[in-house]
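Chain lettering (A, B, C, D, E and F) follows the sequence in which the chains are written, and residue indices restart at 1 in each chain.
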Amino acid sequence: MESKQSETPTRGKLTKHDVGMLGIRSIFNQSAMNYERMQADGWTLAMIPSLKKIYKDDKKGLANAMKSNLQFINTNNYAAPLLMGLEASLEENGEKRSTIDGLRIALFGPLAGIGDAITWFTILPIVAGITASFAKQGSILGPLIFFLVYVAMFFARIPIARLGYTTGTKAISKIRENSAIVSHAASVLGCTVIGGLIATYVQITVKTKIPVTAGHTISIQTQFFDRIFPNILPLGYTFLLYWLLKKKNVSPVMLILVTFILAIVLSWLGVL
Amino acid sequence: MESKQSETPTRGKLTKHDVGMLGIRSIFNQSAMNYERMQADGWTLAMIPSLKKIYKDDKKGLANAMKSNLQFINTNNYAAPLLMGLEASLEENGEKRSTIDGLRIALFGPLAGIGDAITWFTILPIVAGITASFAKQGSILGPLIFFLVYVAMFFARIPIARLGYTTGTKAISKIRENSAIVSHAASVLGCTVIGGLIATYVQITVKTKIPVTAGHTISIQTQFFDRIFPNILPLGYTFLLYWLLKKKNVSPVMLILVTFILAIVLSWLGVL
Amino acid sequence: MESKQSETPTRGKLTKHDVGMLGIRSIFNQSAMNYERMQADGWTLAMIPSLKKIYKDDKKGLANAMKSNLQFINTNNYAAPLLMGLEASLEENGEKRSTIDGLRIALFGPLAGIGDAITWFTILPIVAGITASFAKQGSILGPLIFFLVYVAMFFARIPIARLGYTTGTKAISKIRENSAIVSHAASVLGCTVIGGLIATYVQITVKTKIPVTAGHTISIQTQFFDRIFPNILPLGYTFLLYWLLKKKNVSPVMLILVTFILAIVLSWLGVL
Amino acid sequence: MQVTLMQGLLIGLFAIISGIDFWWEGFYIFRPMIVCTITGLILGNITLGIVAAGLTELAFAGLTPVGGTQPPNPIMAGIMTVVLAYTTGKSPATAIGLALPFSILMQYIILFYYSAFSVLTKKLDTYAEKGGTKRFTNLALLPTWIVGLTYGIIAFLCVYGAQGPMKSLVNAMPVWLSHGFEIAGSILPAVGFGLLLKSMLKARYVPYLLIGFTAACFIKFGNLMPVAIIGVALALIEYNRSKKDAENEKKLKTAMENSNGGDDEDGI
Amino acid sequence: MQVTLMQGLLIGLFAIISGIDFWWEGFYIFRPMIVCTITGLILGNITLGIVAAGLTELAFAGLTPVGGTQPPNPIMAGIMTVVLAYTTGKSPATAIGLALPFSILMQYIILFYYSAFSVLTKKLDTYAEKGGTKRFTNLALLPTWIVGLTYGIIAFLCVYGAQGPMKSLVNAMPVWLSHGFEIAGSILPAVGFGLLLKSMLKARYVPYLLIGFTAACFIKFGNLMPVAIIGVALALIEYNRSKKDAENEKKLKTAMENSNGGDDEDGI
Amino acid sequence: MQVTLMQGLLIGLFAIISGIDFWWEGFYIFRPMIVCTITGLILGNITLGIVAAGLTELAFAGLTPVGGTQPPNPIMAGIMTVVLAYTTGKSPATAIGLALPFSILMQYIILFYYSAFSVLTKKLDTYAEKGGTKRFTNLALLPTWIVGLTYGIIAFLCVYGAQGPMKSLVNAMPVWLSHGFEIAGSILPAVGFGLLLKSMLKARYVPYLLIGFTAACFIKFGNLMPVAIIGVALALIEYNRSKKDAENEKKLKTAMENSNGGDDEDGI
């Protein structure tokens, strides 16, 4: 403890309002989105006022913290304030840089998986499905409810950031100890939902039919692939991409391009 | 061992017949059912002859045992003989009061969950479903089979009590050691089936429809709640009650009353 | 290590080609199939050239190895080359007889379960289902594809044998250590699929209907058994057989005969 | 048709017996399946009784007293369904609805008794402290006799004494009220489950509750067996695991004890 | 139509080849898909053969020899379905039923051989003890040749030699008998699964059996993949867990050994 | 109908605002539900806008930017669906298809920006090293303004400037091409999931991926809740287990340290 005190003699303290504002500022998370390090620049931008208050006159410390925050990150935008609040509390408490950076890096992936499943693939379809029922019949209630839900979602960033912050403050020692366990459980949840996402949101349907006799054809999709396992093509293609990304270091843009070209060519050939 | 011997110098031994009779006497379990301590009075009533035989002239010990048995208990009525048999064997063996009472208290909850799931929610619907097929067509086979099944169920109390007793006798040291494990596994099973019970046996269906345009309405139930998760209202209401019972110490009678009033008011308003 | 060297001073080494041939020879696995020790004789026959090469002039060792291989074994025929390759690598490395035999005996059961599930109950229905669609319309594509798939399956024995062999060679120490873990995981998978197999491939449907009133009957199957649990009779009968095999040491031929007689009698009575 | 005095008395007697059976949950002759049949028998139209038994039993399938709750009373429901069908000539299916108020009346009385019998607990404590088994027995059985008698009287009054007024009262009851009772009946199990959870649910069991709930939502089947079997499987897995853990901990403890520990203050 | 001698001999020859293939489970040309097609080819009506192949293959889909059981024989079923359709002019679908007795006849013969070949084991033991690989090989292959020959003879007799009598025998068979065989076929896999369980099932695997069974009961799909994938997932979870356990135990053991243990008698 | 200059400008303005909202993923006014409604309002036919909103929102339900991918652009799709339905008089359902090329055009532009903005990272590093928060902020916000402006210009041009040519271009586009884009859109999420897996998937998580996949294949439901709840249950089980493991390891470590270890080289 003493050693920490001497290391960071002048760490400032964030108020409840500061942390709330950090939640609001998490909106900047994608302000400079790019393929090199995704949200890293916007992330740092969001953190700046908090870091300034924490490091006060410690210019060196601030610069150091900013640089460390500029590492690759890509997470869900409603999970971001949680992680930002957590990070802020760790910074404030003068945790080691490696602990702070390690925790952020360990958590952004699982949080992306969980957050996407909750926001993009559960809340959005529910809200869209319900409000579209209204809208399709011309009722203004549709867009109105939709708007109100997402305004609420936006302001939820404030309590989410605070949650991250207090979790951090209250439980810094626990978190350091349990970070592996928390990230393990988060990965379990994340991988389960990604499995579900692949089955639900990637759609590949082969149109080709093999003519066997005059007037009779056999559908590759329904009489071949669907008999092996449902959604086997989406699973296979996702794993192909995973393999290319992980083992062959192919860039995502490349894969997007190839997917587009493939889709168009196969559409032209009448296969898809 | 020696210390136990000296403590309980004159413990009597139950015969096979005694234990069977204990099973039969478990019928008294609800004879004085009340909201203060549920089955405790009836439970003790059922245990009396066994306790008397075990404690023989040890008036003090008997009084002590009876008092200890008068603590709150509420379990399934086919699980009761099992627990009674188990308790009898522990008493007989002169186990510590705290062990005996601890085990009874640890097990009655899980056993209630499991027992209810088996008797009320599996056997009863099966037997009722099958015999009603007969009865609805006027065949006496319906009530006859129903009656025979439940006579058999009643006499099953005898072997159930013996099972509890021999488990106890044979495995007292094991049980003391494993009581935590057994109760843990029982709770896993119990909670799983209660989850299922909530989804199956609590039914709340909102009738309200929101008019959107002339002639078109949107159903709150099918187009809102059912799209979020099936049976979400039953789950939510059960958890509300759980929270009131556990954290706010509201009495069950109160909750039953409130539920009734709510149901009638909402029926009057046309919501349910 | 030294002690091993002295024990097996002249162990020969199999070439890649030898192991491939072992895979091909696994075809002999059932060449002398019988109820006393099932595939044991054919298994040994398949292993002979490999054993000869490994034991070279060590006549004693060869005889010993052959005898040990003549113990009861019954496994899936596409899993056999895997196990043979594994065994060959262990023999080559001069592992203790008890390790070799122990591993073979521990693994053949789980591998039978898994292999049967994959080959007999997954690949066969898929291939049969798909090719029958063609054949039923008279297209030669049906038998053709069927034939090609199984020719490929046959030659897959070569890489399967090599896989077993390299797994063994590379990981002998690991395998010795992990054999319990691997066999445990294999049993988990095996038992899961056998559970599925029982529900899918054993079919018992009671035809009896109980007349309740004039013109009305109640079906034992749909209104009784199916209401308790789907496929409850197949499960019960399989467990009865299991119990007879395990606890009463009844021979399988006996059970097959009894099953036949039962089926015919019950067919005659109109029960099945 | 009219119910004769003799029939009324017999039904009252049967109500006492089945009432005690329900109080004790003994032979399940309190279920509509038996109640309706016997009532039909007493009224001289057993076929009507049996048909009503089938219908009423199904209607009351989910209405159970689990966790110390009280559902609409199956005995009064069973008796009155048959009696009303017999006297008014309506179909048994319609009669079930008309019998509901009687069923709910009895439900309230039992609920009242559940609260009332709490007053006996003090006295029973005193007897127990003195080891007075005889007096304990007598007092602990008292509620049973009270309940039985109540059933007899209520049943007789409803069936015989108040045939006319009851009929008009039933007809006067607004739909929303009886519908309200019906709804309450299908929500009430929640109280029982809440009570069970109160005594069982710890944080570590939440996943199993979720699994059971989700399984029941998506497995369509007429009883709880599938969920129960999943529960058994999970419980066995946990049992084996915990046993292994316990063994390891034991070994660990032995190891720690052997290492004659001066620095034990770090151990948990 | 009549089957010529030449055709009969050719079918006999194919029966030898596919019979050995079935005995060895080699190339799966013993499945009706191939047997029917080739028989059709030999009889000069390949289209009939292919159509029969599709139908018979599906009918025999679940009839497998797992766990050392013998199902109704697919080769005789395949041959006779095509031959009977060809000679009697009935549709292949009807012919499948008529072919069943032949199929069951062959099933019995194989069952007999399974028992009979047990007599060879002693001799083989002796050869093995002496390391006599040559004589071992010859003897271990003998059953194969016997089985092959049997197939050839039976097939030829059924197809050519006994066309007339066979036809009348088939027609004389009562429905309950053939239905009985059919039923037996669909129960028989239970023996195989019982044998597998005998060698695999321990108390700790019961939960997985239950999970697999329940999953298969409620997941409607044409093959076992879904259950197998659930099994793979569970096996992987157990594998990772057991590995971790083993590591811990190793550490524990090291710890216990280090604590130079005088009081080791408490350890398990 | 024609779009007036004023209307074109207003739509351009709204495109800037919602474009920035999409870039930031802020208030979700970039979803077709809002975009169509506002566009309808500007064009003076809000009912058309709302109806189109319902249809387009559903059509774009699965098209999300997860994992850093870019789906066909929802803003341009929303604007052009309403505009094309308004100007050509076609039904909104048809107009969705016609609007797709505009949507894909914008998708490409954003994809280009994702690559292009990488050039800023070096400069931002320098600012950060010097702690220059002011300049850092300005530069980090620059992409946002560029993107916003681009939306405004493109939207104005498509809506007002190029009404005629656009119409003919749309009509000239072959079916296979637009179908190809459609297909690509429904495959693209795979890239996002691949990216997520890249950062999360280790061997020990494969079973959970399989369970999630299989569950989603066989549980028919409109959203991911069931799978998510199963995932939560499994995660909680693993959490409790890992915690217990960690405690045991801690104890073990204490034990090992206490046994003042000379032979530590065996420990792992």
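What we mean here is this: contacts are C-beta pairs under 8 Å (C-beta built on N, C-alpha and C of every residue); 3 or more make two chains touch, one makes a residue touch a chain.
Quantities reported herein were computed from a predicted structural model and do not represent experimental measurements.
Trainee: Among the other chains, which touch chain C and chain D together?
Mentor: Common neighbours, chain C/chain D: B, E.
Trainee: Go through E-F and B-F and name the pair with more C-beta contacts between its chains.
Mentor: E-F
Trainee: Counting only Cα atoms for the centres, state how far chain A is from chain D in Å.
Mentor: 49
Trainee: From the mean C-alpha coordinate of chain A to that of chain F, what's the distance rounded to whole Å?
Mentor: That gives a centre separation of 11 Å.
Trainee: Once you find the CA centre of chain A and the CA centre of chain B, what distance in Å lies between them?
Mentor: 45
Trainee: Can you list every residue of chain F that touches 2 or more other chains, as numbers and ranges?
Mentor: 206, 208, 210-211, 213-214, 217-218, 221-223, 225-226, 229-230, 232, 234, 236, 248, 252, 255, 258-259
Trainee: Counting only residues that touch at least two other chains, what does the list for chain B look like?
Mentor: Residues 126, 129, 133-134, 137-139, 227-230 of chain B each touch two or more of the other chains.
Trainee: By the document's touch rule, what are all the touching chain pairs in this structure?
Mentor: A-B, A-C, A-E, A-F, B-C, B-D, B-F, C-D, C-E, D-E, D-F, E-F
Trainee: Okay, in this complex, where on chain C does chain D touch?
Mentor: Going by the criterion above, the answer is residues 227-230.
Trainee: Can you tell me which positions in chain B touch chain D when the two form their complex?
Mentor: Checking each residue of chain B against chain D gives 27-38, 40-42, 44-45, 48, 52, 59-60, 62-63, 66-67, 70, 74, 77, 108-110, 112-113, 116-118, 120-122, 124-126, 128-129, 131-140, 142-143, 146-147, 150-151, 153-154, 177-178, 180-182, 184-204, 229-231, 234-235, 237-238, 241-242, 244-246, 252-253, 255-256, 259-260, 262-268, 270, 272.
Trainee: Sort out for me which residues of chain B touch chain C in the complex.
Mentor: 126, 129-130, 133-134, 137-139, 141
Trainee: Which of the residues in chain E come into contact with chain C in the complex?
Mentor: Checking each residue of chain E against chain C gives 23-29, 31, 33-34, 37, 46-47, 50-51, 53-55, 57-58, 61-62, 64, 66-70, 111, 113-118, 120-121, 124-125, 128-131, 133, 136-137, 139-144, 176-177, 179-181, 183-184, 186-202, 205-206, 208-218, 222-225, 227-228, 230-232, 234-236, 238-239, 242-243, 246.
Trainee: Residue numbers of chain F touching chain B in their complex, please.
Mentor: Contact set of chain F toward chain B: 221-223, 225-226, 229.
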